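Below are two complexes that have chain A in common, paired first with chain B and then with chain C.
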Partner chain A sequence: MKYKLETLTVALVSLLAIIPTVLAPSASVQGSVTVESTCDIAASPNVQFEPLVPSQTSTDHTTTVSEPTGNIVLTPTILGSAWIGTGETPPTMPVGQTHWANSDLAYASMTPLDTSVASINDAIGPEDNATVHFKLQVPNGQTADIYTQTITFEITC
Partner chain B sequence: MVCLTLISPSVFAFGQVAGSVFINVPVGGSGTGSWKIFNEEPITVSISAEGDAMKFISFPEQVTLEPNNKIYSVEITAKIPADYNLTQGTNITGTLYALSEGSPGQVKINLQLKKNIYILVKSPEASAPAVNPLTSLITGFFSLGPAYVLSFFGLIILVEIILFIKKERR
Partner chain C sequence: MKEKVRLVKTWVAMLLPTIIFFALFSVSYAQTNTEITASVSIFPGAKIECKPDILSAGSSVEWINCFIELEGANAQNIDFQSLTLAVDGLSGSLSPDPSFKAFNDFDDDGELDLQIRFNRTIADSLWFSHFNLPQTFTLVLTGSVQNFPFSGSDTIQIISPCSTEKAKYTQMGLLKADKPTKGNLNVIGNIDLSLYSQDFSHFSGFFLCKDRLIGNAAFYTTGDLNVPKTANFFRIPIHYLDKQPVRISVLFKEFDDCVANSGIVHCSGSGKLIVWNEGTREWEGFDLKTLRFDIVNGKAKIEGGDFWNDIFSVENIQMGRITVK
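Right, the complex of A and B next:
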């Protein structure tokens, strides 16, 4: 009786020892990856207006807004700042002297740039782009100086 | 004549992972959320916020992104004071901005990412879900997997057998 029980015990211990090995997950590896939804923006080149005299309107200048790597269709918005001259008390030009549009229109038909965001109207998708046209008109009597302006393209997703 | 300064052309590419930032915060506590942004080239980005959520959040004002679109998680921490009155609202909204400034020049073209943020305010009681300890124990045990569960029962049988043998020897 004792011998049988001891044999049974040894067998059971052996069985217990191999259970985790037998039932353990196999060694094969299954890979997976999550591709996130993203949006991104690029703008090129910078706008470069030619030298102008008061009352003169610039020629058409463009910048291309694109989504180089993202996978969501988006519509960028645009906003700007006033033109600022140089010196301690620099002269300024209103932000709205710069007009923009999705095509080469007459200055009066284009949208004045504003400090508030406005949609550029063209939706861009992956590896897509939109061309934004700019024209600047210098007001009568504008102080002679070197002026700079900031234009911001914004995206959300 | 009005002169306009010369600039060199530049190219940017600046992006973010889609989706709003949601942060669950108990009254008198804090919570964190992350905003994932990236860029092709290494740049320093300015982070700002506006809206009601601005009063309750903190974040780094500037972050430096590594090249090759490596994702950077901007950590947003929200804290709700203990005396916050829930009638003021349990969904505090705001907007986050990440600004990449363009090259200085006649016209500087900036690129900006915008992200909505929601702080979901919970009462302290609602924030601590009740967990039945027995349920937790059973669930935890069986989550070990079939091999360990069988081994456990096998061990019990083994102990029983050893006790039986000892009893027989006496």
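Right, the complex of A and C next:
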């Protein structure tokens, strides 16, 4: 008899625990989130041409342009600065000696880099990178030195 | 009522800038960029020319002369200690004669050259004497200028002694049309040969080689030497050029080596340059410690001096007959 009473008590308590859930009125909630457009740009690695002599053309070198944290698809532009050597009165080399393209082409078929922007004609996005190919041709009589050039990739969003 | 209007104005004043900012923000674009650096080391280009082009084994040629012309750097800045000569594919290297170097525009192209020379006997023992002849070797000359390395190559052919038994060569007549179109006649003693204008020239010679090398070669030219002079006219100095008829002869005295085939004739040795002034009937002679000529494609080039062509150089001499046996 005692055992039966205990069983009945447990069953009653369980029923009481379930009742509010079962009898509660149901409701659905709708939420909306607006994801803002964001963009950024990164490029790597730096371009390290092999040592060259005047009138020689380099091999193909590439850099990858990406959008690490952005969420929209964009086409970057490219521009560059003149090559500059070292020392107090450093020698220079025209920016356009560097040619670029979207694939490994002959130097003459690539686009000369310029101080004005040009579209790289290849989109980048959250899941898409662009590879830019570079070649350099050294002019005849170019002064021997170590030269550097800045290449800038830009996006507008 | 007034209080309400004032309150509205205050709110508008506070909210308006914010509204304008967001309105502008919603229609403007952000520009962002990234930069990479491109870098390159540009080394000097080197044009290397080593002479002679053809060398007879066992000849008395003492030196292999090499001329270095740089592109993108000044030959005067070459680190002499860095210079070495090697032969492509063979071991061993050779340093230049430390007692000799000369700068000049030896090839007359407007660029300064550095002349250095390597001991031929050592080159023989290192490389040339170990092969059946004839044999062509690629000489590789390396060095540095202001810490930038350069390298260039040229070929030299080593042939058996007296590969040519006999060669004879002569310019076709004493024609004005045959006068050399390019020359480099420098100041020697009191005579400035750059002021010489040529009427005509002649060049001829021969060599025989059996057990030993014998031969003769002479270049002869006549023309005018425009000698600067000064005269006083009532104590006023007047400068003028005195045109003096001269004859210039270049004579080989000794041959170190001579080679010839159907395409080329080459001799090197030493000799003398003599200037004969027909007006004053005076003459001056100058030793040419080094003297050579090359006939290639029917045109001769003769040059000589203390160490190369520092006294005398004439090229583009149209040759008539060349006989090689």
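Here is the rule we use: the second predicted complex is superposed on the first by the 123 of 157 C-alpha atoms of A that agree within 3 Å, B and C clash if a C-alpha of one lies under 4 Å from a C-alpha of the other, contacts with A are read in each partner's own complex, and residues count from 1 in each chain.
The rule is short, and it goes like this: a residue touches a chain if its C-beta (ideal position, glycine included) is under 8 Å from a C-beta of that chain, and two chains touch if they have at least 3 such contacts.
These numbers were taken from a predicted model, which means no experiment stands behind them.
Using the contact criterion defined above for the overlaid structures, shared-chain residue A:T69 touches chain B, although it does not reach chain C. By the touch criterion defined above, A:S55 lies against chain C but remains apart from chain B after alignment on the C-alpha atoms of chain A.
Judged by the touch definition given at the top, the superposed model places A:A43 against both chain B and chain C. Using the contact criterion defined above for the overlaid structures, shared-chain residue A:V138 touches chain B and also reaches chain C.
When the two structures are aligned on the shared chain, A:E154 is found in touch with chain B and with chain C.
Once chain A of one complex is fitted onto chain A of the other, the partner contacts of A:A108 are absent, as it touches neither chain B nor chain C.
Of the two partner chains placed around the shared chain by superposition, neither chain B nor chain C is touched by A:V29.
Where the contact sets of chain A with chain B and with chain C meet, they give residues 39-54, 63, 134, 138, 142, 144-157. Residues of chain A touching chain C in their complex: 39-56, 58, 63, 65, 80, 83, 93, 98, 134, 136, 138, 140-157. By the touch criterion stated above, chain C contacts chain A in their complex at residues 29-46, 71-73, 145-146, 148, 150.
By the touch criterion given at the top, residues 1-2, 5-6, 8-9, 12-13, 15-16, 19-20, 22-24, 36-54, 63, 68-70, 72, 134, 138, 142, 144-157 of chain A touch chain B in their complex. Interface residues of chain B, counted against chain A in their complex, comprise 1-19, 36, 38, 40, 69, 99, 102-116, 145-148, 150-151, 154-155, 157-158, 161-162, 164-165, 168-169.
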